[in-house]
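Chain IDs A, B and C follow the sequence of writing; residue 1 opens each chain.
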Amino acid sequence: MRSTILATAAALLAMAGTAAADTIRVGMSGGYFPFTFTRADELQGFEVDFLRAVAEETGDEVEFVTMSFSGLIGALEAGRIDTVANQITITPEREARFAFTQPYVYDGAQVVVRQGNETEITGPEDLRGRSVAVNLGSNYEQLLRELPYADEIDIRTYESNIEQDTALGRVDAFVMDRVSTSQVIEQSRLPLVQAGAPFSEIQNALPFRNDEAGQALRDRVDAAITTLKENGTLAEISQRWLGDDVTAPAEGADAAPAE
Amino acid sequence: MSCEIDIRGLTKRFGANTVLDGIDLCLQPGERVAIIGPSGTGKSTLLRCLNFLDRPDAGVLKLGDLTVDAAKASRAQILALRRRTAFVFQNYGLFANKTARQNLTEGLTVVRGWSAARAEARADEILAQIGLADRGDSYPASLSGGQQQRVGIGRAMALDADLMLLDEPTSALDPEWVGEVLDLIRRIADGRQTMLIVTHEMQFAREIADRIVFMEGGRIVEEGPPAQIFGDPRDARTRAFLRRVG
Amino acid sequence: MRPLDLGYMAELAPVIAGYVPLTLMMAVIAMIAALVLAALLAIVRVLRVPVLDRLVAVFISFFRGTPLLVQLFLFYFGLPQVVPPMTGIDGVTAAIIGLTLHFSAYMAESIRGAILGVDRSQWEAAQSIGMTQGQLLRRIVLPQATRTAAPTLMNYFIDMIKSTSLAFTLGVTEMMGAAQKEAAGSFMYLEAFLVVALIYWAIVETLSVGQRRLEARLGRAVAR
């Protein structure tokens, strides 16, 4: 085992010297419907199809590495994966650390409540005095904390299963991107409804390590995304999984485009 | 007169407390010496120092052609010394994970490098001598106190040592078992095994020993033949001790 | 309340069960390595080997004093930032190493206790017949200490099997990770986690039966 470890280490060191990686290692949680999940042990979803299409464009192999969401960013920083395909939202903090591609999903933050509560909670302003679940390490926690009345919200971070806990009534609501909440409500048997309109425009993109090799790979992947947008492949993947094209900025959206 | 076993200036301290204060003792081949004296005067420590269960601080030990300077004894010397001595413990010290027979063979096969067959033959011989021929396969936990101590003595016998050290071999026994153990030691003594025995059984010491050593305060106060020590002790401390133990 | 979807559970069970070999492989390798390491650590402690004794004390204190998850993250994500070649250690290897270090610290303490539980007079008896330190440990002390420590060590093994579920945080899809991903697609959390729980339970129950038999056999050797 020791020699394997050493050999792998040597191979990786050698690889780090060259700018191009033959295999793009993509980290994802595997637990985020309909972007990444398994059925009968087969990994699938929007992100999976998207990254396969990207790899086909760049001519690289793609290797999916699934791990708990909270480990993904650490794995990226530690060089164990090359990027994270898990609806990673661009934030100023993350932009300072990582080299992002152009956004490939434009979305909004959505409040979801248990059926029957939608008359009481009709949007983010009704979250005062309520308990709200968000995924640990996601940027929805940040979005909630930026609300002027953030200190009146009982924000709870979860490793997984926030939909379930909202349906069970353990928390009053959860906040996630609008697109996946639609899918969750449609596909699951859980008694959940969207409460009001999305409250913040968000853009999701692929982060890479901010070093020479990472930026080079980012550039290659970014060019591939441009192609996939132009030839309609990305829109088609979006329609297939989300029943809607969320890969272009919404009409009249005033969000600044990503760097 | 040459000594088979020669102890010179043996000294042992525990911290500031000097437990053995320059012990000199000489044993002839086949000589049986009993050490008596009040509790806490270093009798057991003397035995334990002789095979380095307690490490002496100073002194020279000579066993036949083996000479060990206690202050700078090497590991090899300590092992060599232990291989020429056999120790009988107050609390038997039997290996709980070994049968009676294995307790006897362990030293022969592991330490002396005997074959298993040879060691077992020897063990069975000894089991017969100690009256436990039918208990060879028993584990110590299933033996009585007297039987356990007989195995402990048998283990020492099996080693065929130049010097057998017996540290109060009957003082942990229920009274009902003392007799059988003393009988066994008496038989060994009759075989002229060189031995050094620490005991509180005065009558027994008188009976089996060629020489009695009286110790107090980490020193040998007086030594001599049993008849003289018990019949005509010269030192006041010896007389006081013998009066106390009746 | 909806009824339990037994059909889905039946479909899912073989999928999750497919990860049992991985779970057992990690646990068994880590257990063997941890036993060896723990015995060495315990011996260093018992014999009070100069210098090493202090280092081992710190090692044990650290690995008992911090959560396994923290240790795994430190080892897998943290250290590679300062020691880049460590990136070459894959998740399975890292999980095995992490489990080994963590559990060896606990096991060393129980083995140490068991060693000290062997009557002092047996040590002295073995020394007195001229056994070396190694011989007396191997032939007299460790066999008895192992017997005393066996039930505790078995419990650590069971604990270790269950702790392999943390490997998913290192990118190793094992039973729990597989169940989480399946549940994400089906939203049948109850069924998915119930399947995982039942499989873990079955493994541990099987081991417990073996444990009872083993203890009965070890116990016979010293039975009255």
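Quick note on the criterion: a contact is a pair of C-beta atoms (placed from the backbone, for glycine too) under 8 Å apart; a residue touches a chain by one contact, two chains touch by 3 or more.
Chains and their UniProt names: A = Putative amino-acid transport system substrate-binding protein; C = Amino acid ABC transporter membrane protein, PAAT family.
Keep in mind it's a predicted model, so treat the numbers as computed, not measured.
For everything except subunit C, show me which chains still form connected clusters by touching.
So the groups, subunit C excluded, read A | B.
Name whichever of B-C and A-C has more C-beta pairs touching across its two chains.
Most contacts of the two pairs: A-C.
Central chain, going by Cα centroids?
C
Among the chains, which one keeps its Cα centre farthest from the Cα centre of subunit C?
Taking each chain's C-alpha mean as its centre, the farthest from subunit C is B.
How many Å are there between the centre of subunit A and the centre of subunit B, using C-alpha atoms for each centre?
Roughly 79 Å, centre to centre.
Please report how many Å separate the Cα centroid of subunit A from that of subunit C, as a whole number.
35
Determine the centre-to-centre distance between subunit B and subunit C, using the mean Cα coordinates as centres, and give it in whole Å.
46
Which residues of subunit A touch subunit C in the complex?
Residues 1, 5-6, 8-13, 16, 27, 29-34, 36-41, 43-45, 65-68, 70-71, 74-75, 77-81, 160-161, 163-164, 184, 187-190.
Going by the contact rule set out above, which residues of subunit B touch subunit C in the complex?
51-53, 79, 82-83, 85-87, 89, 91-98, 106-107, 110-111, 139, 141-142, 152, 155, 159
Hey, which residues of subunit C end up touching subunit A in the complex?
Against subunit A, the touching part of subunit C is residues 2, 11, 15, 18, 73, 76-78, 80-81, 84-91, 93, 168-173, 177-178, 180-187, 189.
Under the stated contact criterion, what part of subunit C meets subunit B in this complex?
Against subunit B, subunit C makes touches at 118-119, 121-122, 124-132, 135, 139-140, 143-144, 147, 221-224.
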